[in-house]
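The two complexes that follow have chain A in common; it is paired with chain B in the first and with chain C in the second.
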Partner chain A sequence: MRRITNIIFKIILCILTGVTLAALAFVIIFIVKEALPTFNDVSVHEFLFTNEWMPVEGIGSGARFGIFNFIAATVYVSFLAMLIAIVIGIGAALYLSCVATDRIRGIMYPFVDLLAGIPSVVYGFIGLTVIVRLFLKVGVHTGVCVLAAAILLAIMLLPYLISSCSETLLKNKEAYLRAGNALGVDAWYTISTVILPASWKNILTAMILAIGRAMGETMAVMMVIGNANLFPTLLGKSESIAAVIALEMGTAVNGSTHFHALYAAGLVLIVLLFIINVGINMIRNKLL
Partner chain B sequence: METIMNTESIGTEEYVARSAGTEAAMRVRELSVSYDNKETLHKITTEFPKHCITSIIGPSGCGKTTMLLSLNDLIREIQGVKVEGEILLGDKRTDAIPQEELRRRVGLVFQTPMPFPFSVYKNLTYAPRYYGNHNKKDLDRIVKEKLALVGLYDEIKTDLNKSALKFSGGQQQRICIARALTVEPDILLLDEPCSALDVRSISVIEETLLRLKSQYTIIIVTHNIAQARRLSDKVIFLKDGRLIEEGDAAGLFREPKEAETREFLRGIYG
Partner chain C sequence: MHIRGLFTKIWAYTGIIVVSVVIVFLFAFVFWKGGSTITWEFLSTPPAGLVLGSEGGILPAITGSLAFTLTAIVIGAVPAISTALYLVFFCKSRRMESMIHLVIQCIAGIPSIVLGLFSYSLFVRDLNFGRCILSSGIALGIMVLPFIEVRAEKTFRELNPAMIQSAYALGCNKTHTILTVVLPACRGELFSGIILGGCYAMGATAPMIFTGAVAFASNPTSLFEPAMALPLHLYLLVAQGHTSLDMAYGTAFVMMAVILISNVLVTMYARRRQREWKQ
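Take a look at the complex of A and B:
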């Protein structure tokens, strides 16, 4: 009887795994299928490496589909946000894991988790009313810019980074801080020379998850980045791939090159994410 | 095993011979420790003779580890702890000794081997570097000397750059003992150092401790009565945070004075 139950359990698990893989495969196949017709009208090189995006034919000029600026903006904003978030996130995680008492940790963790659950449109609204206004006050024209988007995105990434980093730091602190203390070594010396280096592998994993979140984030970024097809500069407007898809999908004529080009942009986003994940994983495995 | 049995009797004789005018490496007077107002140790007064192995035994939760952690002040790292009474290292109160110096002089090895996630060489040079020794020749000497002291040098001399985490549990524990010795402590505290190890590793660690006692005062917390018998010169029996009985190992194991000690040794509780 137990053997039969085990077999049934195994079959159920296999089916569930299969469903997950099938869903993923379906999404990828669907996007590839919808994206490929783009390249009947536009070459891959032109699509990836030119920066003119004119989905509607103008007087004397045909439609153009070059997403280089969008790719650059997506990577720029994501990495800038990651840079800001990782510094603050590791600092906060160090505080929570190595300084804060159990009581403070108990109070802080639910707040951090709560931050992760706030809808991105709310973050976007806060970005518009606080960060953009602040930039306006310091003289940035219209207030919306890449830096504003990166700051907002960094705030959104913080809960993920803080909770996963503090978890690994806490685990390593429990393993090594007492050993350092027993040798008479100062706690901060042990933290900086043992605990932090021992946690890098998991911190990089947290970064992979966070970068995925950052590159795919649409609403909040769209609300503060300015949405202009310009090469990204710190205080200038730009537009991310996710924002372009969200803004134009509703107006693209079904089956048109524009429609397929938006799917192709989505495919590029997936490939970019895959390349970055593989890259960080390789660094993680080689360096650590 | 033969070696251990022989050394055991020598150890006991040594303790008896010295016990008349024994110089104590550490003394504890009226030591009480409580966590969040719950008393774990109650007015313990005892001493730890120099160059002897003192075992602290007792049932689970009796305060053995608390007592050990109090000796090098690691107890204060625990939130909500209150320590009363005095602990003397030589003639000096430990609370008058800078914490860094106290922990350097009173080394501690934990129950679970905790090598840092670096090479053996880096593990053993970690504390000397912290204390300002960056001389390569000197560091090489320390690594060789301390690994030899724990009987590990010949075993792993070609693997000094290998991660300490890749060695067996017994080897990791000996690396940790060697690491504790790199800061030249006077006293070595061991908190159930063999509880996670196999029989062969336990035997090697016990041999190591018996070898080390000529140079260091060793205080060990153990659940293993047979191990306490094999190793100890002096035994302290704690129950419910109180010191029930103490004395030279041979005497205490042969003829315990207190009924509670007798019951514990007969395995009625533990």
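Take a look at the complex of A and C:
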């Protein structure tokens, strides 16, 4: 009897694990299936590298589907956010790993994790009421711009960067700081010349994970980036891939090229993430 | 002191100060602005007004969000915890293990908006569920699956091996060990993971905008009807502009309060468990 329950239990676990694996397969199959009809009407090259997006046929001109600006905006805003976040994040991680006592660390980790829990709409809302208004006062037209979105995204990335960076730094501190002290080297000098360089490889891994989050983020970016099909500039409006999908999915006619083009945009987003993952991994393995 | 060391020191202190100020500001700002809107009436009546939501409350959004979150947790947590159990206790081949890990990582990497697209084409359209709580719940469930799996697996692996070995030594098989030793011992951590996963699902808007969340609905009564959700309600209030701004602050207040309370509870619980282990 026991043996039978054991086998049944194991089979149930196997099936449920299978469900997990199948979920990924299903998602990818369906996105690809819905995306492919786009390329009956638009060539892949035109879709990726032109920048006119007119999903509905206008007077005297056909519908056009070119998402180059959206791709550029997604990459631009993500990397900008990453840059801001990594500067602040490494600083905070240095403090948490090398200065803070166990007690302070026990309070600060959950405190920083709070950032990860805040819904992205709330970020977008605060972005609109605080950051955008600030930009407006400084003199940016309408206030909404790529930089505002990047600042907001940077705050959203902070908890992921800080937790993984401080983990690595902590490990390296335990390995090297005592040796540095024994040699009579100033602690901060050891940190900057030994502990930080030793951690770069893992910090790069943390950056990969964070950039994935940044590129897929929809609501917060959509609310402050301005949503205009323009090539991204620091203080200009633009529109990310995720924002296009979220804004236009409701109005796209089921089965039209527009509808399929939005799926294709989603597919491009996944492929983009994949390329960046592999790219950063290769750089990491080559350089370090 | 060497200039490089000094620079690093300044970097560290600036970093942590900026982060702390940002966190305190975010919560203080929402609680300060939204505090005056929160009344019993706001929490217990449906939205009303000429421009919907400019008067009245957010009750259907609260119940709707609850329905979405519970559906997502049920759909996401069961396979997540099973996968973790399978990986830790049953999986014997290295290759299988690394493949499953890769799949979990890939799922974690899928942008939430793409999960919405997927759920729309499969459930809303092909299977004809229509826009409903279940369609969104599945998308949200897939979204929180890796989140819960990673935490569950970590918990199982950190479990004291002596406990499991003792169970085996007494002649218990794996199923019996898991059901009577492993799961009860990890109950708290699993709950923490599920609660945080629930917060994550509650705050996500992108997967539900075109799969189940709508601008106005009554309290949800079945899985096959659309419902309101707090994050979408907030987004729509903000999109309406100035007339609904107070209500928007109130809605944000409710979400931030939920996040703060569940995080504090989870942290306090983990703290207590740690102390128990040390004794």
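Note that the second predicted complex is superposed on the first by the 270 of 288 C-alpha atoms of A that agree within 3 Å, B and C clash if a C-alpha of one lies under 4 Å from a C-alpha of the other, contacts with A are read in each partner's own complex, and residues count from 1 in each chain.
Here is the rule we use: contacts are C-beta pairs under 8 Å (C-beta built on N, C-alpha and C of every residue); 3 or more make two chains touch, one makes a residue touch a chain.
Note that the structure is a prediction, hence the values are computed from the model and not measured.
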{"item": "Touched partner set for A:D186, first chain B, second chain C, both or neither", "value": "both"}
{"item": "First, second, both or neither for A:A63, with chain B first and chain C second", "value": "neither"}
{"item": "Which partner reaches more residues of chain A (counting touched residues only), chain B or chain C", "value": "C"}
{"item": "Which superposed partner A:I280 touches (first chain B, second chain C, both, neither)", "value": "neither"}
{"item": "Contacts of A:A242 with chain B and chain C, given as first, second, both or neither", "value": "second"}
{"item": "First (chain B), second (chain C), both or neither touched by A:L136", "value": "neither"}
{"item": "Contact residues common to both interfaces of chain A (with chain B and with chain C)", "value": "186, 189, 193"}
{"item": "Chain B residues within the chain A interface of the complex", "value": "72, 74, 77, 79, 99-104, 107-110, 114, 116-118, 126-127, 130-131, 176, 179-180, 183"}
{"item": "Complex interface listing, chain A residues touching chain C", "value": "2-3, 5-6, 9-10, 12-14, 16-17, 19-21, 23-24, 26-27, 30-31, 33-34, 87-96, 98-99, 106, 108, 110-115, 117-122, 124-126, 128, 130, 155, 158, 162, 186-189, 191-193, 196, 212, 215-219, 223, 242, 245-246, 249-250, 254, 262-263, 266, 269-270, 273, 277"}
{"item": "Chain A-facing residues of chain C, complex", "value": "1-2, 4-9, 11-16, 18-20, 22-23, 26-27, 29-30, 78-80, 82-83, 85-87, 90, 100, 103-104, 106-118, 120-122, 125, 142, 145, 149, 173-176, 178-179, 196, 199-200, 202-206, 209-210, 230-232, 234-235, 238, 248, 252, 255-256, 259-260, 262-263, 267, 271"}
{"item": "Residues of chain A defined as touching chain B within the complex", "value": "101-102, 175-176, 178-179, 181-186, 189, 193-194, 197-198"}
